[in-house]
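Two complexes follow with chain A in common, the first pairing it with chain B and the second with chain C.
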Partner chain A sequence: MSETKSDKYARVAYYPGCALEGTGHPYNRSTKAVGKALGLDLVEVDNWNCCGAMEVKNIDPKVQTYLSSRVMSIAANQMRMDVVMAPCNGCYHNLKKAEHDLAHDPASAEVVARLSAKAGHAAYQPGQVESIHALDWLKGAIGEDGLRARVKGGLKGLRIANYYGCMYTRPRNIFPEKDAGPGSESTSKPHFMDDLLAAAGAVNVDFPLKTACCGGAHTLSDSDLSTKLVLNILNAAEAAGAEIIATECPTCHSGLEMHQIRAEKRFQRKTQVKIVYFTQLLGLALGLSARQVGLHENVSESRELLAAKGLG
Partner chain B sequence: MIPLDEVESRLATLTAAAPAPDDAAEILALGEAVLEHWVRARGETPTTDRQEGFRLLALHRQGARGMPSFNACRESCRELIYHYNLLKSEPEHPDAGRRARMMALLANHLCLFVGGKLQTERLGEFCCASKPVRAQSG
Partner chain C sequence: MPIHEKELIRPENLRTHEQLTVDGVDVSGHWSTFIQSRVVTDYNEAMQDEIAALPGGEFIHRCWQCGSCTNACTVNAVNPDFNPRFWIYLVRVGMEAELLRDKDIVWQCVSCNKCTTICPRDVNPEGVMKALSHWLELKGHTPKSPSMVFDEVFADQVIRRGKIEDGRTIRRFFERTGQALQQDWLIEMAKRLVRHLPVGLLARLGWSAVIAPRTRDWSRARAAIEEYVHDQHAAQRQALGLDAAGGASTTREGA
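Moving on to the complex of A and B:
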């Protein structure tokens, strides 16, 4: 009998990545807390390294492929794991890109083989592990029905705009499991976060900028442009009637938080919508406290709003 | 061709006020103007063709040719058209005002995104982290 996703994702190698040890710590905390509450086993990848992020990738994409492949190699060859779960869109994207490169580009495979030998570990072979996002993990391991059965109180009709960012679905060709028919994720209109939060009792608003650029790449070169792009996302979320923007990427999350403040200072444009990780919202729906999901670590202060609804 | 800063200024006015369903045609035209800037900056003549009945989509396709990272604004263009269609087919709908504002915000996002790509690193070499793999796969 073939293994179901529910079984396969019950125990996964956890790759938090650099951001979740810094600005994205509440995402790390809430992901672990939700996993524990749901009885799912996260085994952190031993001695993991940077995925290559954007900095390495824009200088030498093959070095990024190697860096990401090392994480997957450790999970597969040293930890004997089948699945690597990365909550960060950047890490997730880079693992998928490395998988794609190694399967389709002999030059990348050659670089990975050479650098792996030099570093003294087995070179990762495409297909050894399945790389997934935290959304895939919870959707596959628990699903909407499982979540509905476990929520305690739920999200009480909290109106949420789900923001997926740009890297979760792009480019389409490195995500062969997406756009694969009923039940799969969509690259043009992603819905996994919507599905999970609706099952937890939220009301998802119609938010047309869910995969739009947040200007992250311009943050240092043109901060005003980043601020304007974020302000537009915040304005659109409020126009859609959202009380909260749910995020699933530490870079997007930090960008929205920081530029919300900067928009007020630089352009005198104040927005009220709160920014909260989707794992924090799921944790609250499961009966965890505000502190257990790390709301106190967010820059965007959402505790009063959520407490008024009896959450946290 | 309307200068890009004028497009941005007009969209700022529309989004700050309460645009009406009747503004849909103007907002769509502003979106087209944004993409015309992108196409001209790449040394091409903006197409007058239509795709799925809309010049905006034909311009986006033209702008993304050989530049797959430009697909990052594909959904914004399609959502713009969706909201235009909503406003044209149901101008009296109770949500029409909100839909018009959302359409203006979508056009504004397109304007900011394209404006950013025009000024940073030679027409967006840096923007969109997916570029290396997209470039490989054509």
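Moving on to the complex of A and C:
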């Protein structure tokens, strides 16, 4: 199984999504850098569109299904790829949701067929591609053993709280490959990021809020609530002894950065924990420089802490 | 965590009379306190069907009131008045006036999907919360929530261009909700960003703010989506007994 995955994931269609071209740029940069360092081939989905994030579904859920289906249709029918990899939790979640709805809900399939025909491209058929997250990609293509063999120096016992957020595991029914026995990802206690960072030499603290919500959907429209939810996460990470919160979602990441500052300004609650994308940490463990993984593009300033450990 | 039960027997629903005789029986004073009676016409029987006609609300009829949704709820942990199980109950029974007491907080659902994951009956409570806040707005009980304004600004850009530029979305959201863009914490964030960023990246971000990113050859997809959304919204208004015009259109905004 792992052999086939390491071959299958060695060359994947890459769907960065809108956030990774804006506020989440360091995630984009570090994902590509890690892929390059590990000899993995990322082929960007040609002329992709936004997945609709958490917003378009509130205007109409089936439009959101169509948006994701177009991306998968291009990967399958134009690029002839088998796997689409999305590092953004929102994109990843929506691809999985579309896959699930198209397989189980005839009304969604009908709307997607109609809109695809009018837009002038082949309608996506469920099963044409496998949609995966950047965590699945690295875990499948390289794995912990592969990573251990390639790590240069490692993360030197850096204490990390792994934060997965909502969209990576919920709702459970759109992730049929999770909770599927040994080796699979868990929706209640996800561990893929823990596994990878441990293999890269980090110490994972016992962090109870791995899948808590950061309030990302209302980061601007209900800022006080978001600040409270983020403060819970930051405080729990510090109480668990973490120096760094590792993230795998651009919305969570910028939400944590933004509301860490807002908590300081509005509620006089200062927290020290740094917020870093897991791909940035893996890149550093592989011997890449702080600049190559884009630490300078984060709002949360982690360079001093990491440099003191000889990283970057 | 316990489920915070709502109390229908509130002080304003209690009736105590200093002097009252009914059918020759003296019912004066505290020992003869009445609960104000409810009559059939107090119930809105169309309510469940109307919620079910909006996206996300389709499966509200499956609920058997186990309370798992409220128990798992992110927002309930911050604000005990935010109670999905109770609101689903009110909709199913048709107690509109009771529901309207909470009308200003329904939109605060953060879509974390804990409820939808835990629900044993596949009610999709997250979807019901969206349908419910949409219903409140369409019926004119509440103004458009900041969340809905954000969704519209966001969806409008996606439907027009195929892609989002986050700076533009934020600016337009602050414009439409009448907030100043110069929030102290946003300024602090911008300052920290500028301090770290090399000139090249700043120029790139600035450039994408001027030339909005877009998907090539998007016009046919845009037309198809706009037509579909228009038809859907007209059908929803009809299901709610509203005239077809107006509605929560995403396409009326200027580019």
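Note that in this section the second predicted complex is superposed on the first by the 309 of 312 C-alpha atoms of A that agree within 3 Å, B and C clash if a C-alpha of one lies under 4 Å from a C-alpha of the other, contacts with A are read in each partner's own complex, and residues count from 1 in each chain.
Simple rule for what comes next: a contact is a pair of C-beta atoms (placed from the backbone, for glycine too) under 8 Å apart; a residue touches a chain by one contact, two chains touch by 3 or more.
Just so it is clear, the structure is predicted and the values come from calculations on it, not from any experiment.
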{"item": "Clash or fit, chain B versus chain C on superposed chain A", "value": "clash"}
{"item": "Contacts of A:266 with chain B and chain C, given as first, second, both or neither", "value": "second"}
{"item": "Chain B versus chain C as contact partner of A:296, first or second or both or neither", "value": "second"}
{"item": "Which of chain B and chain C A:120 touches, first, second, both or neither", "value": "second"}
{"item": "Which of chain B and chain C A:48 touches, first, second, both or neither", "value": "second"}
{"item": "First, second, both or neither for A:19, with chain B first and chain C second", "value": "second"}
{"item": "Contacts of A:235 with chain B and chain C, given as first, second, both or neither", "value": "first"}
{"item": "Touched partner set for A:101, first chain B, second chain C, both or neither", "value": "first"}
{"item": "Partner chain in contact with A:257 - chain B first, chain C second, else both or neither", "value": "second"}
{"item": "Which of chain B and chain C A:209 touches, first, second, both or neither", "value": "first"}
{"item": "Comparing the two partners chain B and chain C, which touches a greater set of residues in chain A", "value": "C"}
{"item": "Clash with chain C (superposed arrangement) - responsible stretch of chain B out of 5-13, 77-85, 95-103 or 113-121", "value": "113-121"}
{"item": "Footprint overlap on chain A, where chain B in one structure and chain C in the other make contact", "value": "54, 57-58, 61, 166-167, 170-171, 212-213, 215, 217-218, 221-222, 225, 228-229"}
{"item": "Complex contact set, residues of chain C against chain A", "value": "55-56, 74-75, 78, 108, 110-114, 116-117, 126-127, 130, 134, 145-152, 154-155, 158-159, 162-167, 170, 173-174, 177, 184-185, 188-189, 192-193, 196-198, 201, 205, 208, 213, 215-218, 220-221, 223-225, 227-229, 232, 248, 250"}
{"item": "Footprint of chain C on chain A - complex, ascending", "value": "18-19, 21-23, 25, 47-50, 52-63, 66-67, 70, 111, 114-115, 118-120, 166-167, 169-172, 187, 212-213, 215-218, 220-222, 225, 228-229, 257-258, 261-262, 264-266, 296-299, 301"}
{"item": "Contact footprint of chain B on chain A as seen in their complex", "value": "54, 57-58, 61, 90, 93, 97, 100-101, 104-105, 166-167, 170-171, 173-174, 188-189, 208-209, 211-213, 215, 217-218, 221-222, 225, 228-229, 232-233, 235-236, 239-240"}
{"item": "Parts of chain B lying in touch with chain A, wherever the complex brings them together", "value": "15, 68, 71-76, 78-79, 82-83, 98, 101-102, 105-106, 108-109, 112-113, 115-116, 119-120, 126-134, 136-137"}
